[in-house]
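Note that the chains take the letters A, B and C in the order they are written out, and that residue 1 is the start of every chain.
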Amino acid sequence: MTFFARALMGATALTLAASPALAEKLTIATVNNGDMIRMQKLTDDFTSANPDIELEWVTLEENVLRQRVTTDIATKGGQYDIMTIGTYEAPIWAKQGWLVALEGLGDDYDADDLLPAIRGGLTVDGKLYAAPFYGESSMVMYRKDLMEKAGLEMPDAPTWDQIKEAAAAMTDKDNEVYGICLRGKAGWGENMAFLSAMANSYGAKWFDMDWKPQFDGEAWKATLTDYLDLMNNYGPPGASSNGFNENLSLFQTGKCGMWIDATVAASFVTNADDSQVADQVGFALAPDKGLGKRGNWLWAWNLAIPAGSQKVDAAKKFIAWATSKDYLSLVAENEGWANVPPGTRTSLYENQAYLDAAPFAKMTLESINAADPQSPTVDEVPYVGVQFVAIPEFQGIGTAVGQQFSAALAGSITTEQALANAQNVTERTMKKAGYIK
Amino acid sequence: MARNVSNTRKALVTAVAWTIGILIFFPILWTILTSFKTEAEAIASPPSFLFFDWTVENYVEVNSRSNYPLHFMNSVIISIGSTLLGLLIAIPAAWSMAFVPAKRTKDILMWMLSTKMLPPVGVLIPIYLLFRDFGLLDTRIGLVVVLTLINLPIIVWMLYTYFKEIPGEILEAARMDGAGLWDEVVHVLTPMAIPGIASTLLLNVILSWNEAFWTLNLTAAKAAPLTAFIASYSSPEGLFYAKLSAASTLAIAPILILGWFSQKQLVRGLTFGAVK
Amino acid sequence: MATAHSRSAARLMLSPAVILLLGWMIVPLSMTIYFSFLSYNLLMPGMEEYVGFLNYEYFLTDPAFFAALFNTLMLVGGVLVITIVGGVALGLLLDQPIWGQGIVRILVIAPFFVMPTVSALVWKNMFMNPVNGLFAYLAKAVGLQPFDFLAHAPLLSIILIVAWQWLPFATLILLTALQSLDQEQLEAAEMDGASFGNRFIYIVLPHLSRAITVVVLIQTIFLLSVFAEILVTTNGGPGYASTNITYLVYAQSLLQFDVGGGSAGGIVAVILANIVAVFLMRMIGKNLEA
């Protein structure tokens, strides 16, 4: 075996470029979203200033990334020096002591400039454990031309009833125009992100103060009934397999009247290269039900350093660079202000150049500020997180419940069955994990 | 069935066969075509078949974003390495099963095949911990070992069925001539079994090339093969069909070409045991 | 020919393979069995404790379990039927003299070389998508309502995708077997007035029985652990409509990071797979005898 191993290594050594001596190599795991891809292209700016640091990228699709980094950090595999993690992971991991607290990111880092809602979700016991790279909430994107044709006007802060009225008026199935496009694909980060946020505005919640699942309550029933009603009457065909991307391409090809989804979508749908409706998109806050909460979520992709890393200093340098104000200017110089990673810094939303270039900026900021992870819904709850519950069990439960709601959307089970199954699945897991007896 | 067929019949059969062949191949063709479209054209309705603005921008983008040569080399080394290592272990085993069968030979063979039924996800955590302790995470060696082990049963079984078709008398004759065990296996058996070994090799290279669970979960940057390369193009935010198609084309092209060139060998070897 | 000498040599030559596989099986398997009796969530280290059969109890009473069991069998059975029937038909077709036989054969076997993830992505997005997909476009072109494959026939859609990948394998093996068929026997039967159906049933099919056995055996091994195709297309849904056992174990161990539960699921899957293997051997094992 050793002979073979050596032979193999000999063979492969030829194919590897020799690395400069003494350079520290940072392996960075990241998600394959547009803003991260852009960062990879701009890293020359960092490496030329830090010739002793080399960067190695592992870019993966979201689900694979999550599975990889979680396995690695929990087993202390040590494969990555910097990990891209979501707002869901950050508090759980920080509490486990798996992350390095991000102190000493430099004098000009200005942590106080970070948006409070985003920063709050990444802070445990007063320390920041992950630096936000871009943040998002959700909002309504709608077609101004279709609204006009229907003789309606979209308020800046619509209610669910107004959304339904608009959806009904815009739907024209013969011409493949569907009043509303929403996520239907099962997954805790897919349909459940939308539905949990929507449920918050209906006063529904995942758990009461005793961690008892609440799917048997009226609030969830009202949420799901209205969601199914909207989608069955005014939604596109195949909605139960639509996630962010599917809806994006529907909207960009002019097939949706409205789309309630991540604020980052705004830059895609207003980009004339890809979108056929670029100049017709209007924005509004996510709808409410008159209960004081809006149906919008809060999410950020963040950079964090696993505890036990040997290269903490170099990693901090990189994180400070990638999430700094200067980085925003760097992107603006190279790609224009509309393409800078949004939703992390207050100063960005005070920058007139950005506000001019990004018509969606104001609505994005208001949406982010309207979300409160500490108090996500109308009643008091024992958990943190707007469209998720920051406990380790949530990914599994969220996806299982998402399956049920997706099945209800596909018409294979009734609303009542879906809710009963969701309640059952959640109760089982919570019992097994010892939250409830 | 078909000796003196009229040309009409031949034409008819040809037409049917070609139609079916093209239908089966169509998804691949469509992927290749899509890889030359812009993202907007890739989702356009009605879809354009050939008359669109051909562009290579997706390939340029894919190449600037990922280190394709590295992933490609990793795939080559891992799949060929694991296949060769597998053959090295499997040839003696198959020889012994085929020519010196014991009472339990069949059971051992079946047991070997049954180890392949272990669902990989169920044992990921134990394997990950072992790999961490042996320093095998994100190494080609580690992947070669794992892929050898998961494909070994198939290799042994294919070789076994193939060897069994070789008359034992020939080996015996060689032994009469004073050939030792080593000579027997290396100089007599192996040359006779070349077609079988070749097709086993090909099949295993294909299977290892396409293995997407272990190769994805045990690698990070250095040893990641093309399956990981694909994982950086599937479902990002934004339109991605065209770039995904370009990445897919790059990922499957090498093995497709290898498969096409060697399909005669593949077919010849697959006659193992099954035919008679 | 088996002398004592060659017997011990044979054992020696067999041993590396056996020892390696034994190690590969025993080490992870015993760790998995051990974990399966623990309450062990990867995200909460240090909290492991012995819980007896609790993990098994939860896995087996999971409402998804029986659905998954059924789906697994449907998936394996469905793909086997399609690939074998299709493979025999294609084999018969390609066995005829046609122009450009080599090229047609290449076209037919090509899907086998495509990575499962890639083929699932391609089918899902570019063909089965009810709005942008090619099937939807064709349906609309002839005035039909596009069918939403992955929502309304998720398992069938996955069966079709997997069958597309494995049809070439079946075709290749069956075609090779057909080529060795004694033509004279067939011609004699034809002269005796045997219809095509009779010739097929009494001469061709028996000749193919071993090849079919090989196809069933190899494919079953791979089909029991179909996973990437489900993850990419439906995530096991809607509901549990396309969840198979492998996917269920995945959900436990890599979504919930419940190592205990996932391990119990893994052990259950191994037991089930071995039951399938035993049945398989009973049913077709005879065909493998030389």
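Please note the rule applied: a contact is a pair of C-beta atoms (placed from the backbone, for glycine too) under 8 Å apart; a residue touches a chain by one contact, two chains touch by 3 or more.
Bear in mind that the values here come from a model prediction, so they are computed numbers and not experimental data.
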{"item": "Fewest touching-chain hops separating subunit A from subunit C", "value": "1"}
{"item": "Which two chains share the largest set of C-beta contact pairs", "value": "B-C"}
{"item": "CA centroid of subunit A to CA centroid of subunit B, Å", "value": "37"}
{"item": "CA centroid of subunit B to CA centroid of subunit C, Å", "value": "15"}
{"item": "Per-residue multi-chain contacts in subunit B, two or more chains", "value": "43, 45, 124-125, 129, 231, 234-235"}
{"item": "Sequence positions of subunit A contacting 2 or more other chains", "value": "67, 71, 75, 249, 253"}
{"item": "Interface hub residues of subunit C, defined as touching at least two other chains", "value": "42, 131-132, 254"}
{"item": "Partner subunit C, residues of subunit A touching it in the complex", "value": "63, 67, 70-71, 74-75, 92, 96, 176, 185-188, 236-241, 246, 249-250, 253, 255, 392-393, 395-397, 399-400, 402-404, 406-407, 409-413, 421, 424-425, 428-429, 432-434"}
{"item": "Contact set on subunit B toward subunit C in their complex", "value": "1-3, 5, 10-11, 13-14, 16-18, 20-22, 24-25, 27-28, 30-31, 34, 43, 45-47, 89-90, 92-93, 95-97, 99-100, 102, 108, 110, 112-127, 129-130, 149-150, 152-154, 156, 161, 164, 168, 171-172, 181, 206, 209-210, 212-213, 226-227, 230-231, 234-235, 241, 244-245, 248, 251-252, 255-256, 259-260, 263, 266-268, 270-271, 273-276"}
{"item": "Subunit B-touching residues of subunit A, taken from the complex the two chains share", "value": "4-5, 8-9, 11-12, 15, 27, 29, 31-34, 37, 40-41, 56-62, 64, 67-68, 71-72, 75-80, 243-245, 248-249, 252-253, 262, 264-265, 268, 273-274, 276"}
{"item": "Residues of subunit C touching subunit B in the complex", "value": "1-2, 6-7, 9-11, 13-14, 16-18, 20-21, 24-25, 27-29, 31-32, 35, 42, 90, 93-101, 103-119, 121-123, 125-127, 131-132, 134, 137, 141, 164, 167-168, 172-173, 175-177, 180, 183, 186-187, 190, 199, 210-211, 213-214, 217-218, 221, 224-225, 227-228, 232, 245-246, 249-250, 253-254, 259, 262-263, 265-267, 269-270, 273-274, 276-277, 281, 290"}
{"item": "Contacting residues of subunit B [partner subunit A, same complex]", "value": "39-40, 43-45, 64-66, 69-70, 73, 77, 81, 85, 124-125, 128-129, 132, 137-138, 140-141, 144, 216-217, 220-222, 224, 228, 231-240"}
